[in-house]
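Input: one structure, supplied below.
Per-chain residue numbering starts at 1, and chain names A, B and C are given in the order in which the chains are listed.
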């Protein structure tokens, strides 16, 4: 995995571990929980987009499938939390394969459009199946998460649960990146034809990684459902899909750490903009545009470049001074 | 349009052209500030930028005009016409008429004028086009301004029938996009055909199945077409392969 | 007497109305270095694309080790034992030199998504073997000192060698080299010729497309000449040098006789 990554990972785990000891406010803990939930789905997207070079404009659909599976099966049909959770993963896997297999021969724009279409259709289904999903009125009464009899009711306990899962999934993702599979994915992005000729079964890998990212999204959705206990379609709309995309791109597309950075920023930013009231959409748009225009490769790379520039300036100044 | 007509009390026809011009300018500004600086960036970044820009524009619109729906009076007053049991509002004829006029104009533009042909050339191969002396930058700017103008025309003609709020744009744009792909990208008659097919299927779904699902029809058709014939009904596979869509 | 390792029979490829290859037949014997030459547009890269499965022929067959392979997917053909380099270098620009060669080991290794992610036992061992073999290949072409550099930072001559190292990572029995000397200077060309001979010494058959006549004449055992997608001559370097049809085809072309 690389020593650098292990160090960052250790730092992250440590930071998260002590966070609740210093910050007791429920509000901040909630934000962090949302950040963790977002991080999971964004990591999956990062693998899909940053490493395999594919696009998905409808990923909120899988997020929704996970959430509604967990919600509907527990509330309406009395299934156990764990079964509902697994069903969400199963359904997401099936749908992901149904989408990926016919569309993988599509390139760039066409693939983006297809995933967008899929996302929209699922969103409409959520809205229309009144008896099952509650339609626009939403689904409430989703039980709190219970694992082996231990009840996770909001707050600190949920924080540790969510971030625990996030870290595990992060480790899984890093393992994949630094493996034969990870190299194959990056090869596909680097030059698809060369990858094929070197023996990479491009279609199979594209489907696999799409399914993996859908599973990550489903897990995320289930965690979300049990946390907020009330879900409704707007949480899984196109806007959300695009927001997730932005989290990947803003942080830095080619790196999973960039994706996490993007998640952190775009989860916290709307909270900071709340006091702006009607301006919030405006300011939000402005900030996003600014980042994209000045650092199109994402913040991580942008900061990197900035650091190099600063170093250069310092060195050249030293030389002038003699 | 509402602003020009109701607030400034400018007559219909002049308002129409003023509005279209204004929107075209906005489209050009958008291109200059958001698209042009990123012309070498990846597809994904461009998608994100247009999304961010649309959030920004929506914010501006919401700020200026609020979240209420606005109405426009129909272009000609009069009672709806009844043809074979179907009730057709007069405005509908305007919509059809203007659409046909635009398709005709676009066909003329792209088929017969130098500027139009230059623009097509850029879509096929911008490098070769620039080597032939075509100013690709100007073309890109023009294409954004043009498509913005067309979008505004669509918005204007439909408002007397359906009203307009600040966030209606997305669904219309999406369906328009589906229609374009269904008919074959870049083909005027394709888009019209696609639009009709989607519109008819939507109404049928609303009537026969469930009105809530009608929005999904356009998208299902889209997915269907992409899986089986991405070049659309009238498009040719070879051409769409060469085009760097 | 041995069977040919590669047999092209009456191969044809048309793109719409354009016939890129017409009725092409030739064989390659195991252990040979066979060259394909011909003016630009003669269909040489198209031939390579067909052999490696990038697109199927419109007629005829390609037989590798007695098995018909035309119509198969590239990754299948790679597994069978054919590897290649590209006329315009197709390296993985987003990875380091070493990682590029490691991708070459892909078909000879097996660990998939789940096992990699969970880092199950066996992953570490396979990674180690991939690393070692990749380093061997880099050593073979003389690039081991640049293993951790990004591809974007190395010059063309070395990129061509890197592509070869990567192609050798698949343990091929037949390697297709598409203009390996393209864009190289004198010294680099001599180094390339040496590498190609070394490849043949490893009992790997070489089929190459090349424009630099000096290179072709000095290392090939056999030459096939194409013009407008058809074979116009086949034989040893000496035969080809004095073949009238070949000279006619090249008239007006830039021939680099060293």
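By definition in this document, contacts are C-beta pairs under 8 Å (C-beta built on N, C-alpha and C of every residue); 3 or more make two chains touch, one makes a residue touch a chain.
Quick caveat: nothing in here was measured; it's all calculated off a predicted structure.
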Item to check | Any chain that touches chain C and chain A | outcome: none
Checklist entry - Which chain is the middle one, judged by CA centres? => result A
Checklist entry - Where the centre means the average of the CA atoms, what chain is farthest from chain C? => result B
Checklist outcome for this item: Between the Cα centroids of chain A and chain C the separation in whole angstrom comes to 41
Next on the checklist: Using Cα averages as centroids, what's the distance between chain B and chain C in whole Å?
Outcome noted: 49
Checklist entry - Quick one: chain A and chain B, Cα centre-to-centre, how many Å? => result 32
Next on the checklist: Residue numbers of chain B touching chain A in their complex, please.
Outcome noted: 33-34, 37-38, 41, 43-45, 47-49, 51-53, 55-60, 62-63, 170, 174, 177-178, 181, 210, 212-213, 215-216, 219-220, 222-223, 226-227, 230, 245
Item to check | In the complex with chain A, residue positions of chain C that touch it | outcome: 52-54, 73-75, 78-79, 83-84, 86, 90-95, 99, 102-107, 109, 111-113, 116-119, 123, 126-127, 130, 166-167, 169-170
Checklist outcome for this item: Listed in rising order, chain A residues that touch chain C in their complex are 172-173, 175-176, 179-184, 186-187, 189-191, 193-202, 208-209, 212, 254
Item to check | Residue ranges of chain A in contact with chain B within the complex | outcome: 49, 55, 57, 102-103, 106, 108-110, 112-114, 117-118, 120-121, 124-125, 127-128, 238, 242, 245-246, 249, 253, 278-282, 284-286, 288-289, 292-293, 296
